[in-house]
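Given below, in the form of structure tokens, are the structures.
In the two complexes below, subunit A is the common chain; its partner is subunit B in one and subunit C in the other.
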Partner chain A sequence: MSKPVVATTSLAGCFGCHMSILDIDERILTLIELVEFNKSPVDDIKTFTKPVDIGLIEGGVCNSENVEVLKSFRKNCKILVSLGECAIMGGLPALRNGIPIEECLHEAYIGGPTVQLNKDGIMPNDDELPMLLDKVYPCHEIVKIDYFLPGCPPRADLIWDALVALVTGDPMKLPYEVVKFD
Partner chain B sequence: MENTVKQIVEKYNTNRNRLMDMLIDIQEAEGYISRNAIATLSQLLDMSQADVEQTLSFYHFFSSKPRGKYVVYLNNSPVAYMFGREAIKEAFEKSAGIKFGEVTSDGRIGLFDTSCIGMNDQEPAAIINNMVFTRLTPYRVRELVKMMKEDKPIEELRKESFGDGKNYLPSLRSMVSSNIRRKGMILSDDYHYGTVIREKLPAMSPESVIGEIKHSSIRGRGGAGFPTGLKWEFCRRAKGEKHYVVCNADEGEPGTFKDRVILTEKPELVFEGMALAGYAIGGEEGILYIRYEYRYMKDYLEEVLHKMRKEGLLGTNISGIEGFNFDIRIQFGAGAYVCGEESALLESLEGKRGEPRDKPPFPVEKGYLGCPTIINNVETFATAVRIVQNGGEWFTQFGTDDSTGTKILSISGDCMFPGVYEVNWGFNVEDMLDMVGAYDVQAVQVGGPSGTLIGPDEFHRTLGYSDLSTGGSMIIFGKQRNLLRDVVVNFMEFFIEESCGSCSTCRNMTQVMNTKLKKILAGKGVAKDLKDLQEWGRVLNASRCGLGQTAANPIISSLKNFRPLYEALLQKDKDFDEGFDLEKSVQASCNFVGRVPVFNHH
Partner chain C sequence: MSNLIKFKIDGKECMAEAGKFIVDAAADNGIYIPTLCNMKGVKPKGACRICSVRINGRLMTSCTTPVTDGMEIESNSAEIQDLRKSIIELLFVSGNHFCPACEKSGNCELQALAYRYQMMVPRYPYEFPMKPVDASSPRIIKDQNRCIFCKRCIKTIKDKNGRSYFVFRNRGHKLEVVLDEEMGKTIDIATAHLAMENCPVGSILVKEKGFDTPIGKRKFDKEPIGSDIKL
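Then we have the complex of A and B:
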């Protein structure tokens, strides 16, 4: 049997969840024994090259590019996992959700106290740029998500246990201490 | 203003821990708590303004803007809706000329929603300037608003006769009814308060008091059901400068009102129970923490305490027992359901935001001001008196093996005789429904929103800690009710409103789940949504306190027991639909930056 294939991406996230993946330390050696990585910042493969078994999504969805990437993950992965607070609930970027997008853009490019050089009030409107969504969406509001791993970031052990459970098919143990709030 | 604040601060000895009282007094004197008042307070108390504002902003009945000369708080529990709240709301809005959440431009009338005010057996009800108006009708509302416009004093607004029981007393003068439908050992009239303190305690050691309580196997009546005897014993053993007795009268669980009735009809029994507990744990100070919704009882309860002091049931060397000193003060909350959680209650007692503490340490070790503290429900203290009077053994003959004694139920909703019933534990739901005259029942909410919603297949179940545990709230829904739309959504919005916001699970998940529920109600749901709801509900278990851990129960328990109601609303032909529309969601930002959206449809 060939090794299960894993892909990862960071949408509107801070890469903290990816750092947490790396935080499994030397077990990463075991991990590459167990699985093969495809599209992922970990190995820098930019596009899907084969069907993937498990896709890990960090970050929520804040622009049209995020939507596209997330949809391509759904298309290419058998199982999708929302990894961390932002993917599950929108997280910090979703703090803008209570504020109209016009106000956010105005603050960022025209009115904000740190805006010094944009005298002409130019707004990012090039077609090459992703289009901003009206709010930051959790991943499961765009595509079907199969599993959710909470945490900011989810602890390395939790990610490890989840991956092992997915790969081996064994049920995952979730004792109260692991999911307790603080 | 500055002088008022100064006097108020002095009244409480410039003690920061009494910030709640100070804010309540300022709010009542000025109608709101101004920026200047905050500044003066923080200066006099040597606290930062942010700390004062933290407390202020946490509680529903505090406001930093004027709320009007007449402030109307209209209850929004499901039972209020069932008995015509919509029409009442409309009548208020129409005659006052404003919407709820607003104040008239002349500053005369303010209209506000509020969570259950403990009047479920006499809805629709509202609190106007701390006076409770029950069984409102649109006609009555129009009359009330007219009198407000004529600047009539609040006492003149009341046209109804006084309620039953002790509500006629000069210090209460309330139209609230006690509606006692069945009496047991607590509500019975054959105990004269003070008997235990005078006749039993002089011959008993504190340890033997705890022994009787333990022997009775009584468990806490607030809902969690911790063995009372153990709690007292732990507290007695815990080391601390002082030991405190706190009575939790913050009954905020929608549908619960029995503590109001006990405190109206048998306050002496509760205070005697607190003194008894003080004797048992070696504490000299008792605090009754009572919700602000019951502010109308303030003078009455103070009067009872005064009477008991005069009779020697509170004070020093009580009942001739050397060193048995005990007194009680009343602390009002200011509108926060979470303060019914014991550690949040302690925070509030100390003048802070009512955010639950992390546990351990438990309050019996580190409670009020870091000292060992017991916190018990109103009913538990009242029951303790009867236990010590008659012995723990006597008590075990009532109820069942694992749930001894009686339980006072607050029963409301679709039934002929809503009110308060004291029954032995082990009572089953079917018998209860017969007793209260409820027919064609679709569902019963046992234990309030944080409890369970059960249907007819489960009406044979019995009330007790091992089966259907309840703090006392029972709400009955007839066949004509739309459970999901009228009950479950209402309860979820209650939890969203009342979450303290500390844990992200309770702060966010309730919102997320309610959004999903509404999506299903709008006909956009798919089968997976039900599975999601079920699984996400478990995330709430990670919350720090009982409120957070049970905040998804309205959805979880209705999904378990009334699944067909959900299934009937699902789209059969789709397995995923979140209704996300990319073109619509980029519209606003593209318009603003001046670009034409381009979509790369694959």
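Then we have the complex of A and C:
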């Protein structure tokens, strides 16, 4: 039997959840015995090359590129897992929700106290750049998500237990200490 | 102790003084019923409905209902657990509760209840309402993003003449709990700290106080809320 395939991505996140995946320490050696990685920043595979069993999504959805990546994950993965607060509820990027997008961009590129070099008051407008969405969306408001692992970042033990449970099909233990929102 | 009465919670025989509210009577018998807007020593209000139990087929708030002789209370059924969880989820989506960036995280009762009921994700869509933060007082920050209208601050934080520092403003969906502008200017540091402590969430913060307890040592890091209630 071939190994289950795992893919991961970071949308509007800080890569902290990926750091937490690495935080499983020496169990990473067992992990690569258990699963094979496909599209993921971990192995730097950029596009899906085969059907994937488990997709881990870090980060919320803040722009058109995030929407596209998330939809391609839904299309290529049997199981999708929202990893961390940003994927579950938008997280810190969602602090901008409720502030008009123009105001955000103005603060970042023109009016902000640390803006010094942008004398012509240019806002990024290249066609190549993904369009910002009106607000940051939780992943499950864009596509169907099967499981949620909260935490900022989710504890390494929580990620490990969830992956093992998904791969082996055994029920998952959820001790009190591992389910935290911070 | 002549006024002791017998009642049952989830089939367990309990005893309490007649007239005690169900939450307190249950706690005396080692049974935890979750509360959020309720505070010991303060007249209960039954606002948050977290403490709902089923008595005689009807849902009642156990913080406002006194026990009576022979009462049969259903508290731990799957239906009521789910009802409580749904209330927690509603509170999370109707405000802006960014736990990773909140000073009260780890000591927050709303968050602790979400942990206890293992809320992985709310079943309702996030509202992300636009709410102001009032930092005009020299001592206190009142963050409306996190307020759950429990009224605990209004009922407990008063000056020596019995006037409340916090008041309700507006009605309906515009309702907010605000710090009285004039009284907020003169609030002393001890009262400000008490206000922060009595707030179940991170809506009332004392200025110039940040994260001072490391993760792992905060109130609800190791033990779920309600762990202190046992026989």
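Methods note: the second predicted complex is superposed on the first by the 179 of 182 C-alpha atoms of A that agree within 3 Å, B and C clash if a C-alpha of one lies under 4 Å from a C-alpha of the other, contacts with A are read in each partner's own complex, and residues count from 1 in each chain.
Going forward, contacts are C-beta pairs under 8 Å (C-beta built on N, C-alpha and C of every residue); 3 or more make two chains touch, one makes a residue touch a chain.
Just so it is clear, the structure is predicted and the values come from calculations on it, not from any experiment.
When both complexes are superposed on subunit A, subunit B and subunit C end up clashing with one another. In the superposition on chain A, A:S82 makes contact with subunit C only, not with subunit B. Within the superposed three-chain model, A:E177 lies in touch with subunit C and out of touch with subunit B [touch as defined at top]. Of the two partner chains placed around the shared chain by superposition, subunit B is the only one that A:S64 touches, whereas subunit C remains out of contact. By the touch criterion defined above, A:N97 lies against subunit C but remains apart from subunit B after alignment on the C-alpha atoms of chain A. Judged by the touch definition given at the top, the superposed model places A:D134 against subunit B, while subunit C stays out of reach. Superposing on chain A, the segment of subunit B with clashing C-alpha atoms against subunit C, chosen from 153-161, 225-233, 315-323 or 567-575, turns out to be 225-233. Put simply, subunit A uses residues 85, 89, 135, 138, 140-141, 148, 150, 176, 179-182 to touch subunit B in one complex and subunit C in the other. Of all residues in subunit C, only 92, 96, 98-102, 105-106, 111, 114-115, 118-122, 125-126, 128-131, 215, 221-224 touch subunit A in the complex they form.
On subunit B, the positions that touch subunit A within their shared complex are 358, 503-505, 508, 512, 528, 532, 536, 539, 541-544, 548, 575-576, 578, 580, 582, 584-590, 592-595, 597-600. Of all the residues in subunit A, the ones that touch subunit B in their complex are 64, 67-68, 85, 89, 100-102, 105-106, 123-127, 131-135, 137-138, 140-144, 148, 150, 176, 179-182.
On the side of subunit A, the complex with subunit C involves touching residues 82, 85, 88-92, 94-95, 97-99, 135, 138, 140-141, 145, 147-150, 152, 174, 176-177, 179-182.
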